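Each structure below appears as structure tokens.
After this come two complexes, each holding subunit A, first together with subunit B and then together with subunit C.
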Partner chain A sequence: MTYQFDFSALLPYWPLFLEGVWLTLKLSALATIFGFVVGTLCAVARAEGPRWLKTVVAIYVEMIRNTPLLVQIFLVYFGFASLGLKVTANTAAVAALVVNVGAYTCEIVRAGLESIHKSQLEAAECLGLTRTQTYWHVIVRPAIERVYPALTSQYVLLMLASSITSQISAEELTAVANRIQSDTFRSFETYIVTGVLYIILSFVVRLAFTLFALVIFPRRRKLGTAI
Partner chain B sequence: MPAVVSLSNVHKSFGALQVLKGVSFDVAAGEVVAVIGASGSGKSTALRCINALETIDSGEIVVCGHKVHDPELDRRALRRDVGIVFQSYNLFPHLTVAQNIMLAPTCVKDMGKAEARRLAEEVLAKVGLAEKADNYPEQLSGGQQQRVAIARSLAMQPKLMLFDEVTSALDPQLTGEVLRVMEDLARGGMSMILVTHEMAFARKVASKVIFMHQGKVWETGPGAMLANPQTKELAEFLSNDL
Partner chain C sequence: MSLTPVHIEFIATGALWTVGLSAIAFVGGSILGFALALARISPVPFVRRCAGTYIQIVQGTPLLVTLFLFYFGLAVVGFDSLPAIVAAGLGLVIYSSAFLAEIWRGCLESVPKTQWEAAECLALTRWQRMVRVILPQAMRIATAPTVGFLVQIVKNTSLASVVGFVELAQAGKLVNNTIFEPFTVFIVVAAFYFVICYPLSAWSRSLERKLNAGRR
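Let's look at the complex of A and B:
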């Protein structure tokens, strides 16, 4: 028995696919930006904060790293609802992704912070920089440069993982695909197209990160070192 | 003339290990003091105490009027007056040479970018590296990196410079270029304390040599004392060093 491929049935749906792609990009971009901020703050808090804060961050990170993303998404979604907050599925999806990727970012950035040698701190201290100035100029910036490749991988994973938010009907690419396949009954073709679109998305996201690195890390640009 | 640095009866331990056991010496303005001694004798620790990188257990240290032993010490004020250069350069790898130098003046003295840049060019010219302003540290040789580190300290216009074996990681040729910079500084009247293994340099440049042994100032005198040691420990140290 041979399967008869029929992609033509999907043709009328391309604007819908595009919409899904766009939403996936938007969700992931928002989650990446806020997740990065949350994760970096957590990493700094865990390295420098008072004891209670370190504990809170440690618990947060461990909770996220040891539960499935889908469960986290349901928790955030139904959590908002039971608090009486009316949020759209898309907002809940972004919030859940931020909570998730923030924890992973925290771990990655923490490794970066720890990799900065103590002598760098001392040099800055001896030049009279304040603790905050030292932290920003001498620790955080080079630390992030160092872990940038790991962060990139994490955020590409995030983009792919955002497909799970289709479970709370956030209207990203996978949710769109689900709808199209139930309309057309061409499930296999639909998910082939969807898979290809995710590959393209991954490529685009990686490219964006590489170009962004050239902007924010002038040393890489000047020395031509791969990131 | 009041002393720029004055240590009296300084004690410092790391846990059970007594490293400084009553160290006293003075450095007058414009004086160049070379500190020599065997590995582990406490030379670096003494320098680090002067710059409040380590807190002392007892005794007094006064540096440019700052009471370093005082728990209320304003460290940042102290560090405006004192520059320190380490054996391992400790340049910031993600910043260009000029940015390395501009960081402290802009952060600490609120200097504008343009003015800081001019200052960076000025101190770089002093150490003979004007053309390297826009290079990154990893593009420089060890000797050049060390000269940048010196320039970075000089940009803060310190009254006292501390050098901790700044040429120990360099091969002889690169050592020469760094020593020349330090010699120029000494001639310009900078007060300096340098921990060094370069006996010839100590003899030539230092107005005073301090030989440390087992956490104490064992022998002190003018550069000429190296040719005529009074204690058998110094004689031994000098003969091992050759």
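Let's look at the complex of A and C:
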């Protein structure tokens, strides 16, 4: 092996790398928030909705879970164009990621909803809670708390998968890396740095989710136990 | 121009390569992943830590970046005229080994501790304990999630298109470059993926149901 590693060629590019990290965080945060809302609504629709709605949601979930994200990104990107809508690559990227992660969130939250024991509903009825109160306080919130670890893993994977949106030239870390390597011709070094940045990012995202759990689930903060 | 049978045939050939690449990734990933799963539950802390670090690194990097690293890395160490399938295959093997290792570690650990102890009381050797007692039980638990992960592998082979390997997604891109009908082309490509993946998903679900039925 005669290859000379040269990381110094990348030094002038560190502000670009940092910008890429920021863009990836922004992209995945947007996709996570909207994806969570879409997924939870779909899960509730699948559990409580009329029959036709259940079928629609089931078809959506199966279609998304059995096709690759890359193809979904292309379909959304070109789909907007063939509808005559002019959107930026980043908007298309967020839309595709939301559609994708919404389906996975739906399945995870559905498992959570199914795990709520029937006696809880009976107890809620005995306490005279209204239907909405029961649904929110007794079913949805404990269900989400129970599947929170699975959701965390899914959203970390989403952050990593957002790298695929570089294929439609959305602005994020991998796209920035592609540009840097074509500027410097130090491809191997560029992607090593990019890989390390992603590893750090996945630790940071995981930590952020753990801290967020302490804020939104008082049980964890006060008793130190999960549900 | 529109989609002709010739284009469909080209895409179908790509689908065959997708299946082939998935098989390479699954077989290679299984061998490496099984060794890693055993290392993860090894009694030697150093071995456990090494395997853990490897898994964290691979699971913390996007597959896209792993593929780029292999693509450019192989050229760097002197293999600059290898076909694209080598870089794609290696990247996918590394990727699936890390995930399969974690799945299987969970399955090995979910075999009740009493089974390990009972095997020890019967004076079985470590090898006998693993092959005769633990693995048969762990494999029953492992089948459903492994088939489920197979779906992930098939879907992720689509990323091999970035290193120029002509599988299903890349075949779709090439066809689109000649007829400029992205929406139609990628619907067809997605349908091909669905046909490969859906039976696997359904199989995984039915395996899971059977396993749970046995336990209830």
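Keep in mind that, in the parts below, the second predicted complex is superposed on the first by the 225 of 227 C-alpha atoms of A that agree within 3 Å, B and C clash if a C-alpha of one lies under 4 Å from a C-alpha of the other, contacts with A are read in each partner's own complex, and residues count from 1 in each chain.
Here, contacts are C-beta pairs under 8 Å (C-beta built on N, C-alpha and C of every residue); 3 or more make two chains touch, one makes a residue touch a chain.
Nothing here was measured: the structure is a model prediction, and the numbers come from that model.
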Subunit B versus subunit C as contact partner of A:R131, first or second or both or neither: neither
Which superposed partner A:F74 touches (first subunit B, second subunit C, both, neither): second
Contacts of A:R221 with subunit B and subunit C, given as first, second, both or neither: neither
Contacts of A:M63 with subunit B and subunit C, given as first, second, both or neither: second
Larger contact residue set on subunit A - subunit B or subunit C: C
Which superposed partner A:S166 touches (first subunit B, second subunit C, both, neither): second
On subunit A, the residue positions that both subunit B and subunit C contact, one per complex: none
List of subunit A residues in touch with subunit C within their complex: 1-3, 62-63, 65-72, 74-75, 78-79, 81-82, 160-161, 163-164, 166-167, 174, 177, 181, 187-188, 191-192, 194-195, 198-199, 202-203
Complex contact set, residues of subunit B against subunit A: 51, 53, 75-76, 79-80, 82-84, 86, 88, 90-94, 96, 103-104, 107-108, 136, 138-139, 152-153, 156
Subunit C - residues contacting subunit A, complex: 56-57, 59-66, 68-69, 72-73, 76-78, 151, 155-156, 158-159, 161-162, 169, 172, 182-183, 186-187, 189-190, 193-194, 197-198, 201
Residue ranges of subunit A touching subunit B (in the complex, touch as defined): 119-120, 122-130, 133, 137-138, 141-142, 145, 217, 219, 222-223
